[in-house]
Amino acid sequence: MPYNEAVDPQAVADMLKKHPEISVVSVCHHDTPSGTINPINEIGALVAAHGAYLIVDAVSSFGGMDTHPEDCRADIYVTGPGKCLGAPPGLTLLGVSDRAWEKMKANPAAPRASVLSILDWEHAWSREKTFPSTPLLADVNGLDAALDLYLAEGPEKVWARHDLTARATRAGIKAMGLSLWPAREAIASPTATAVRTPAGLDEKALRQAARERYGVVFSGGRGATDGKLTRIGHMGPTAQPIYAVAALTAFAGALRALGHEAEAGKAVEAAMDVIEAAG
Amino acid sequence: MPYNEAVDPQAVADMLKKHPEISVVSVCHHDTPSGTINPINEIGALVAAHGAYLIVDAVSSFGGMDTHPEDCRADIYVTGPGKCLGAPPGLTLLGVSDRAWEKMKANPAAPRASVLSILDWEHAWSREKTFPSTPLLADVNGLDAALDLYLAEGPEKVWARHDLTARATRAGIKAMGLSLWPAREAIASPTATAVRTPAGLDEKALRQAARERYGVVFSGGRGATDGKLTRIGHMGPTAQPIYAVAALTAFAGALRALGHEAEAGKAVEAAMDVIEAAG
Amino acid sequence: MPYNEAVDPQAVADMLKKHPEISVVSVCHHDTPSGTINPINEIGALVAAHGAYLIVDAVSSFGGMDTHPEDCRADIYVTGPGKCLGAPPGLTLLGVSDRAWEKMKANPAAPRASVLSILDWEHAWSREKTFPSTPLLADVNGLDAALDLYLAEGPEKVWARHDLTARATRAGIKAMGLSLWPAREAIASPTATAVRTPAGLDEKALRQAARERYGVVFSGGRGATDGKLTRIGHMGPTAQPIYAVAALTAFAGALRALGHEAEAGKAVEAAMDVIEAAG
Amino acid sequence: MPYNEAVDPQAVADMLKKHPEISVVSVCHHDTPSGTINPINEIGALVAAHGAYLIVDAVSSFGGMDTHPEDCRADIYVTGPGKCLGAPPGLTLLGVSDRAWEKMKANPAAPRASVLSILDWEHAWSREKTFPSTPLLADVNGLDAALDLYLAEGPEKVWARHDLTARATRAGIKAMGLSLWPAREAIASPTATAVRTPAGLDEKALRQAARERYGVVFSGGRGATDGKLTRIGHMGPTAQPIYAVAALTAFAGALRALGHEAEAGKAVEAAMDVIEAAG
């Protein structure tokens, strides 16, 4: 599978059929380094039918789009507070299914009284129980405050904010004559936008120029995609249309600083068309 | 003097000549509600020659441009931490000349042991002395941290940041076909930009649209200028070119939301030209 | 009236009778520098019958004992967040009666648009209205959090905590062979305990020894009582019986460091008797 | 070895002689659940002579007494910020010897790019390098501030503070007629004091009474020592003589609340004798 594509559920079905012994399937929801979204609900249905356990990495998607452990039938669903929820980083949030708890409890080799243990945390959500280790109070309080804000705004509104910001960003990028990294817009993430590096451009120099001249920080690719794409994050508090405008301007300005042409005005107008259509 | 003009030093000279009994002159440096800068150094020289005391309100200019109590020969020079210094609001910062201290000490009617007293604070800068009232610790610590940042960046760089942001904002406003409120660009403030309200526009509705649609907060006029102008602040942490772009986009978007035309793209391109010329 | 006595309501009645022209009466509830409580409810009834306005300073009593603007019929009732409420200092809290609002509104000379103005703040409590000046956000948030704690614990419990801590402190001081400054225990404050300086003792040296050796900070007298008494504060978060023990030990330890005898053990036992009797 | 004794270096020497194949030795410096200190410097010398690697758990001793990785020749020396350094909990601090780095680098099975990896953190101390995972900023800043305070006070003074508080606590406990848990005072920890549960006492009820009546929190034993001892912590900011007094009073008060006799006065006097002897 190329790095700009999403996982094909048919390929998962084929693999499971070919290997009936598969007992655990692991999938990343938002593939952050490429800005693509994998169809975890479809994959989850296949895995459940097969009888295997499903582990989902939803670190940079949960809170920024409509995704839940139940919808993808995840047994272990991992997310973090520092991405779309806008809380401080440091903690890990886990959704664990009933059958996953049973499986771990029945397994004498499952880590216990260890930093690797999930079992230790089974009752940590309860006001009556203590944490298995000394809690990082500032992080817990930060998460608590972030969840209050998330619930007060309403999940649907938060997801819509992420989606609108992503669509405005993509419209601007295309209006500037650039290409998105994801093979199809349907798989482009609502929480980060990956832009294909134009021919002849030093991608690291682009990010440095955006940071120095406009104070805007982009990310690069990782491993096989290093140098091939630039990522614009729009998660949590930065999932606001005005940040799309700031990012597009900084992107254009950085290109121009490196001697490339980039019509910032057209990009901003295209982003505004999307924003205005949303009312 | 119309509200879009600066104080004319010649008018001050004439007034002092006509009224030799004048003993105190008070002047506002940055007239925040109209976004204009008064020539306090020239006025200060005239007042000093006359022998009067000079009180300067530099609340929204100090820290954002090259101004000092000594340069304008101020006897009382007032500023605040919450504007260009980017600290929390709440405290007042005062520069007091030697002759002002002497004058107040010799005056038995000068407030003492009172919230109105300046004398109580003479030694409050000293590590060895206590404050005359219980200090607002969070505000003092916030100011301390903000001054560390100000000095680490270097005053000249901070002033240049404010100036560049103001010039980019003004260029964008003009490119959008709007007019600046100040009569001449030479008197336009580097810390806030006042825009003349276009004919037929409900200024309050403009600000509301910018806030709701783009999350950007502008200010209006005050008193005689209410409804006649909109102010874009760029002080302290918002004195960054990328904030000029955000403000211009929000301004254009708000105009369009109210049925007016506004070429956001042209505005952003004009702002970028200024930013790029600064290197 | 000696500095260790409370205001006698009969003296107030006599003065009002002798001077029917008196239109404003001002009284301090807890006279902090002497640790005594004045009978403001009785005084307030006399002032109301006379038809004068009553101003009450309840800065260091409100929140630490059962006192309210209505009970003493105050027209202006002043308190602060940094004492018994345990919030950060910096703000002032005012209770204003309906007739005081009317009086000020009818007075063209009452300060308006000024740091001295009370009228400016009439509607500041409303979520719909802005503050008359830029708010000190950290202080407002601190007060908000402190009030949440105060209400969650319950005012009656908070007052009982202050009372118990004060009684334990007084019992310990007397058991140590020292004298309270207030002429009678009935007028001793529940929020601070003033101790008469023993003959031959350098009161400043006592406070310095307590601070250096035990890290406990006491206050001295003011003006006429300077050197004559030492004050042990027990307001807000320090209004806990264990702080009475810490204060008594530090007091005894400081006395001993200066060559005086002081039976710390007896003092602690006496304080514990009070604490244990409260259950 | 009974739970109230320290590790005997001779026993370590015997074991190493008997088992020349031992390649790693692990030792806990301050055995927190029993309040005893193990002789890690002596043990470290034996382990070094043997040629094995030494892992030291100094979580609740480092910063509170004179102990360093070099002195005990530790290869891995683990401590935490939330104990004697008085910083927020959450981070782990590691001292790693040169030979330990070499050993891990040469080991292809040593964890890498993992939450279990030590190698990932080799250069994390450098201002030029990034952390291997997103840092918990509040915790890092809290540690930074705590280390500033530690160094400003001076390590020797901090250790002396812990020692004095511990000695005052022990003197008070003995004066009250209670017994220390450690077999000999020479092995009692300067950072926590373990008290043997008197016959007929419900240890949990004791801790509950201290918390409810005096707001003082003690800890119990763990595993084999559960119910047999009560621990009084005096680490970091609570390593102050006045906290010894508060702890002793709360201990005595809790005993009395449960119907046991306890002479709080004698305990406080004994603690003060120790404090006063230290000047």
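Order as written gives the chain letters A, B, C and D; numbering starts at 1 within each chain.
Heads up, the rule we're going with is that a residue touches a chain if its C-beta (ideal position, glycine included) is under 8 Å from a C-beta of that chain, and two chains touch if they have at least 3 such contacts.
As the structure is a prediction and not an experimental result, all values here were calculated from the model.
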{"item": "Labels of chains that are neighbours to chain B and to chain D", "value": "A, C"}
{"item": "Longest centre-to-centre distance from chain D, chain (CA-based)", "value": "B"}
{"item": "Centre-to-centre distance between chain C and chain A (centres being mean Cα positions), rounded to whole Å", "value": "55"}
{"item": "Whole-Å gap between the CA centroids of chain B and chain C", "value": "41"}
{"item": "Overall pattern in which the protein chains touch one another (line/ring/star/complete/other)", "value": "ring"}
{"item": "Chain B residues within the chain C interface of the complex", "value": "82, 88-90, 115-116, 134-139, 142"}
{"item": "In the complex with chain D, residue positions of chain C that touch it", "value": "213-216, 240-242, 245-246, 249-250, 252-253, 256-257, 264-266, 268-269, 272, 275-276"}
